[in-house]
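What follows is chain A paired twice: with chain B in the first complex and chain C in the second.
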Partner chain A sequence: MTNHLLEERAKTAAPSDTRGAGTTARRRRSWLRRDETLGAWVLLAPYTVLFLVAAAIPIGYAFVISLQRAPSLVNPTSGFGGLESFATVVGDYRFWSTFINIFTLMAIWLPIMILGIVALALLIHASPGRFGGAMRFVYYIPGALGGIANFVLWVYLIDPVNSPIAFLWQGLGASTYKEVITPGNMPFILTAMLFFQGIGTWIVVVNGGLNGISDEVLEAARIDGANAWQLAWHVKLPLIRPWVGYAALMNLAYGFQLFLEPYLLRQISSGSVVAEWAPTQLGYAFAFTNRNFPAAAALSIILLLITLGIGLIIVTRSGLFGDETSTRTTRAQRKERRTA
Partner chain B sequence: MKTTRFLTAGVALAATALLMAGCASGGTTTTGGAQTDSGGKITVWVDPPRVPAAEAFKEAYPDIEIDIVQIDGTVGGQTVRQAFANFDSAGKGWPDAIFFPSNDDIAWATNSTSNYAADLGELMPDTIEGYDPAVISFCDIDGAIRCLRNDAAPDVFWYNKAFFDEKGYTVPTTWEEYGELSVKIAQENPGKISGFLGDAYAVNRYLQAAGCPTNDRVSESEAHIDLSDPNCVRATELLDQMQAGGALSTQGIFDGDAAEAGANLVMSPGAVWWGNYLFRDTWKIPAGQMTAVAPLKWDGESEPSTGNEGGGLWGVSSHITGKQLENTLTFAKFVATDPRWQVDLSTGLPGYGPVQEDWLAKIADDAYFADVATTQEAFKSALGVVQPYSYMLYDTGSVWTQTVPSTLIGGGSATDAIKAFGDELVNQAKSVGYTVVAE
Partner chain C sequence: MTRVSATRVSDVPRVVGSHRWNAGRIARIVVMVVIAAAFLLPIIGFIALAFGSQENIESGASGFLNLGGMSWENIVYSWNQITGFGPGNGGLFQQWMINSAIVSVGGAALALVAAIPAGYAFARLRFRFRKAFLIATLLAMVMPNTVLVIPIFLEVNAINAVGQLWPVAVIMGFYPFGVYLSYIHFMTTMPHELVEAARIDGLSELRTFFEIALPISKQAIALVAFFSFVANWTNFFLPLALLTSSQQNKTISIGIQELIGASPLFNATVAAGLDVKLYLPQLALATVISMVPLLAMFIGAQRFLVRGQTIGAVKG
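So, the complex of A and B:
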């Protein structure tokens, strides 16, 4: 590759007629393009294979299944059913309640989560040296307790007899798991679980954004007389908006796919929480209680559309994946035009 | 340009999916296919309390190669049901014999779509003959015997004899007396309780015992559910009185943190297996306190009336034949009838009649109950007075646990809680495809 480039450079450096130079340049671009294309394909191949096997084919299969008529336990006939399964899902008596549950959780959890991420990330960034480094590590610890480990920790914490915060539960009048894990408390318990599970990782992400702010900008603000609070509020926060937006929307997408936490809380409370608390649990019930696989597939497609919609919003609105150079050029050009 | 490309791709994807869906349509589902024969090796699925049964079989029949798989034994759990949905779709993978974690499982296991559980009336007629018709009736589905009862689990009336003797209370004989006494005891002895409402079997303990049609299977596609039936109303009124009087716990008997409340239980209807499994082994209530008497009557009725809590079911695969089937039937016969499991190790009264006396004799040797002779008599007398109850395609117990305790904890009355239970029951029944009739 290097030899090839050197050769090309030598050719272009040598004097020649303009026609010849143009042809060589075109040839070089074509070579580069071919190499780049090949490289891109090599880099993309493992992801493409995984995407096909783990996403595209299952999605296509789910779509095909969702168009079947359900061979239910009571009526075993099957066949092409068109959009019948989608109607079954939307018309199910649990459909809206599962979404109400999720939206209630989002309304409580997301603002706390985002405020927590931003506040802690700004605090860490404003604390340079060893102290800041230590705090970064401390804040990340809950994030390291992923999935089941975090859940087990919370099972212990919400135990009204053995928990270190048992006095809190008893003060609220709860002395059994069933009295703590009530339908009304579910959004708050889940908020606590999800907050500690995600906060560490997202602080690291947003802190990455903060580290990307150039020292010149911060110094200029300081020279202009900004104190730590003004620096955080007027300078840092606007600059990390894409990262905060990204965190908000990714958490929103995660919330829609919640399954494990409500499923296990039901086990802990000996079934006192409904089996279909979240939409994904309803999909599970369609598949294995109702044996209605087309309805389960239809619900998956509905959830996919929602999360895909959220994903598109992330890509188009947050500006995180935008081409920074071209954006800057456009802005500069606009400014130029305005000046002219 | 991009939009056009996206649209084209979307339309192409939809068209392909429609085409594939069309190609896949037109048939009915198949259940299983040809029966297989491993040549002798068998795989059995058992919940944790039944592992000793399978181990006892392994010891008794060393020549039969066996794989023992321990499964999730949670009553109302979904994992086994999920595995079977996948096996039914794949047409392979089923265990040769199983102890169903929930008795409701027999509903899907015998359904025409799944058709897992073999007709044992044809395969094991001699064993079936040994069962009291009242005990095996739970396995009689549309005239075929599709399972074997592990143990008989009728509810008797349990009470703490030591406490009653000390306080001078008289043991109730009717449900109405039970309701009144429970409130009196709660007032005079704060903290003492007379029943649990938070577990999946509470529906059997109270509503089935009252003859309430919660689980009345009319046919494979029709269910009779009517919680406004006078039999349901009398049970609801009883629970309302007891709940308002502070005599009931919202916990369930299986709750991990129920032992403390269990130690304060002074009386309750409850299954035969409560004695050894719950009082002795789980809640560690000292010997010489608990004892059982015959089930209660409703005022104005001559016969007692009681529910049934569990009394697990063994099933055999309909997908096997030859030596594999022969060995599986040997296993099924052993776990259902052999004294090496049913008398020596099992904590419940055997479902199989001929070994019941030996098991009853064993509880005399244990000397755990306060009044052994009365307890033995109560166990026997309860067998014939269990009210009818069918297992449905949804889990009635789960419907109870997710409606009743939460309503009561939220401040609702027992009437509110049972109303919520009834509404959810009808919703569940309709959602799995039953036509619900109220008459």
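So, the complex of A and C:
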């Protein structure tokens, strides 16, 4: 303990000693360094405050709350409850079904989404000039309908009587909203909603990756006799793998936080689907229906850990955030560096 | 189209796409146009719906995608229904639009004040914990913000501020994607040498930021303002958790949810007690109107967005 403190003091004392005896240049450098650190933290101050208020403190506070005991009728006082709330959440009869719902949705939605993003981005890239640009713009338009607007559009599309795709619903034997929005149809309806809203931005992202491929690479493949299909499959696709992986992981993380769509589908289904379809809805129910804040906090921590894990993979392994964070360099990055 | 590609073939050797009208090219163009139609027709039908009337739609008199049933009278009728919603003479819809404007503009202003200097500090200054803080920022950026809503609710609840607008604006001001955009901006547009030169001239770190970095960051400012405004305006779960308790303080996204809940299509008992009738044309009109500020922002920011797609190739 004492040794440790002494070491610490020695470390902090060292710079002032060198300054006393050092050359002008060294003195100047250490002064600059201190000034730079100070300046950096002044510039970072507003962001740091917001980071604390909107991320760090709520996470810490949720963690503290999750370790409390929920007040009950028998024992209205709350106190330290250990992992009791986590056990409550995991033991809740709805907990696993919400995750099964999400995994079912992902199994259907993610492959379609990734296939759609890659196919449309490749089609756009194979169409140079104004036509490709116009198509990219059109594919982007649904993405501009954020959140509730996309939902109301789908309220119109799943109207079993007046929708332009009413024939589809009537083919399924549905004539009311309640009959369209059934538990079995939920993954498909959500897939359609998420695909329609999400695909545009991702096409732009993957298209950005495609535009980064140098002309020489494509030229060389063409001289070797590759046709458009071979060019896309053997040359372009391997080169944009980091962007596709990034899209897949981001959408995966997005799936775990799904709230608006299942929440509002429940509202218009006259109760034909459950109120706790997604894990976030279960958290909402714990907080606002049961007023069991420790359980709501515990569920938030569980979701946070899952999405944090996916986030860590994206940030450190995708290779899209530069050398500073990446643990390995991707082929695309090496190529970028060569051309730079 | 044909003419453009034809002239190009003779001038520049092209490496992507083919120039002749072969079967592959025709198939590609047909597929792309069909998909474009599948993306656009629902939106066209939805906008036409906002100009329609419930009677025409029910009787099937509006034709394909309701395009035949559009009229200005319908809009006026629907507008009166929407604005008539609420206690007394209504007016909740306008109040919700104003509330959305307050939190979205307030949130975007805070996001700018925080993100531009932070992005500069991350990009061009050296300090302890720089890398750790940067990684925390990237993590916060790729994590879906819904995950933090319940913890944020617990925090705001602890200070008894649930139902007020200001906590929503403050939370919206935390916009890590904006920091990332600003970081990339300073990395690409402001070389290290410029910072060094300013230091040699005796400028302090803060003056270097305000006098050299800030004047060249118009692009980053426009992008951060645009993206954060759009994210704030369309945010649903945060206002739902923080503002549901106060009818007057709702934002438009959760306000539209309220309108859906008051429609005779979904809740006959609630709707029966109301003076206004909210069917699909009214809901569609409310939605279209709620999108107007986004459209205005998009048009205003358009010339910055074109280049922004290249800086922010990684989406937030």
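Everything that follows uses one rule, which is that the second predicted complex is superposed on the first by the 269 of 340 C-alpha atoms of A that agree within 3 Å, B and C clash if a C-alpha of one lies under 4 Å from a C-alpha of the other, contacts with A are read in each partner's own complex, and residues count from 1 in each chain.
One rule holds in what follows: contacts are C-beta pairs under 8 Å (C-beta built on N, C-alpha and C of every residue); 3 or more make two chains touch, one makes a residue touch a chain.
Owing to the predicted nature of the structure, the values given are computational and were not obtained by experimental measurement.
Taking chain B and chain C in turn and counting the residues of chain A each one touches, the greater count comes from C. When the two complexes are overlaid on their common chain A, residue A:Arg291 makes contact with chain B while staying clear of chain C. By the touch criterion defined above, A:Tyr177 reaches both chain B and chain C.
Using the contact criterion defined above for the overlaid structures, shared-chain residue A:Gln68 touches chain B, although it does not reach chain C. Judged by the touch definition given at the top, the superposed model places A:Pro262 against neither chain B nor chain C.
Contact with chain B, but none with chain C, is seen for A:Tyr93 once the two complexes are overlaid on the shared chain. In the superposition on chain A, A:Tyr156 makes contact with chain C only, not with chain B. Contacts of A:Pro187 after superposition: neither chain B nor chain C is touched. In the superposition on chain A, A:Ser270 contacts both chain B and chain C. Once chain A of one complex is fitted onto chain A of the other, the partner contacts of A:Gly198 are absent, as it touches neither chain B nor chain C.
Within chain A, the residues touching chain B in one complex and chain C in the other are 159, 161, 177, 267, 270, 284, 287-288, 293. Those residues of chain A whose C-beta lies close enough to touch chain C in the complex are 32-33, 35-44, 46-51, 53-55, 57-59, 61-62, 65, 120, 123-132, 135, 138-139, 141-142, 144-149, 152-153, 155-157, 159, 161-162, 164, 177, 196, 201-202, 204-205, 208-209, 215, 218-219, 222, 227-229, 231, 246, 250, 253-254, 256-260, 264, 267-268, 270, 280, 283-284, 287-288, 293, 296-297, 299-300, 303-304, 307-308, 310-312, 314-316, 320-321, 324-325.
Against chain A, the residues of chain C that register as touching in their complex are 1, 4-5, 8, 13-18, 24, 28-29, 31-33, 35-36, 39-43, 45-46, 49, 57-58, 65, 110, 113-115, 117-118, 120-121, 125-128, 130-131, 133-140, 142-155, 158, 170-171, 173-174, 179, 199, 204-206, 208-209, 230, 233-237, 241, 253-254, 256-257, 260-261, 265-266, 280, 283-284, 286-287, 290-291, 294, 298, 309-310, 313-315. In the complex of the two chains, the chain B residues touching chain A come out as 13, 16-18, 20-22, 24-29, 74, 76, 78, 81-82, 85, 89, 108, 111-114, 198-200, 220-221, 250-252, 254-258, 393-395, 397-398, 401-402, 405-406, 409-410, 427, 431-434. Listed in rising order, the residues of chain A touching chain B in the complex are 60, 63-64, 67-69, 71-81, 92-94, 159-161, 176-179, 182-184, 266-267, 270-275, 284, 287-291, 293.
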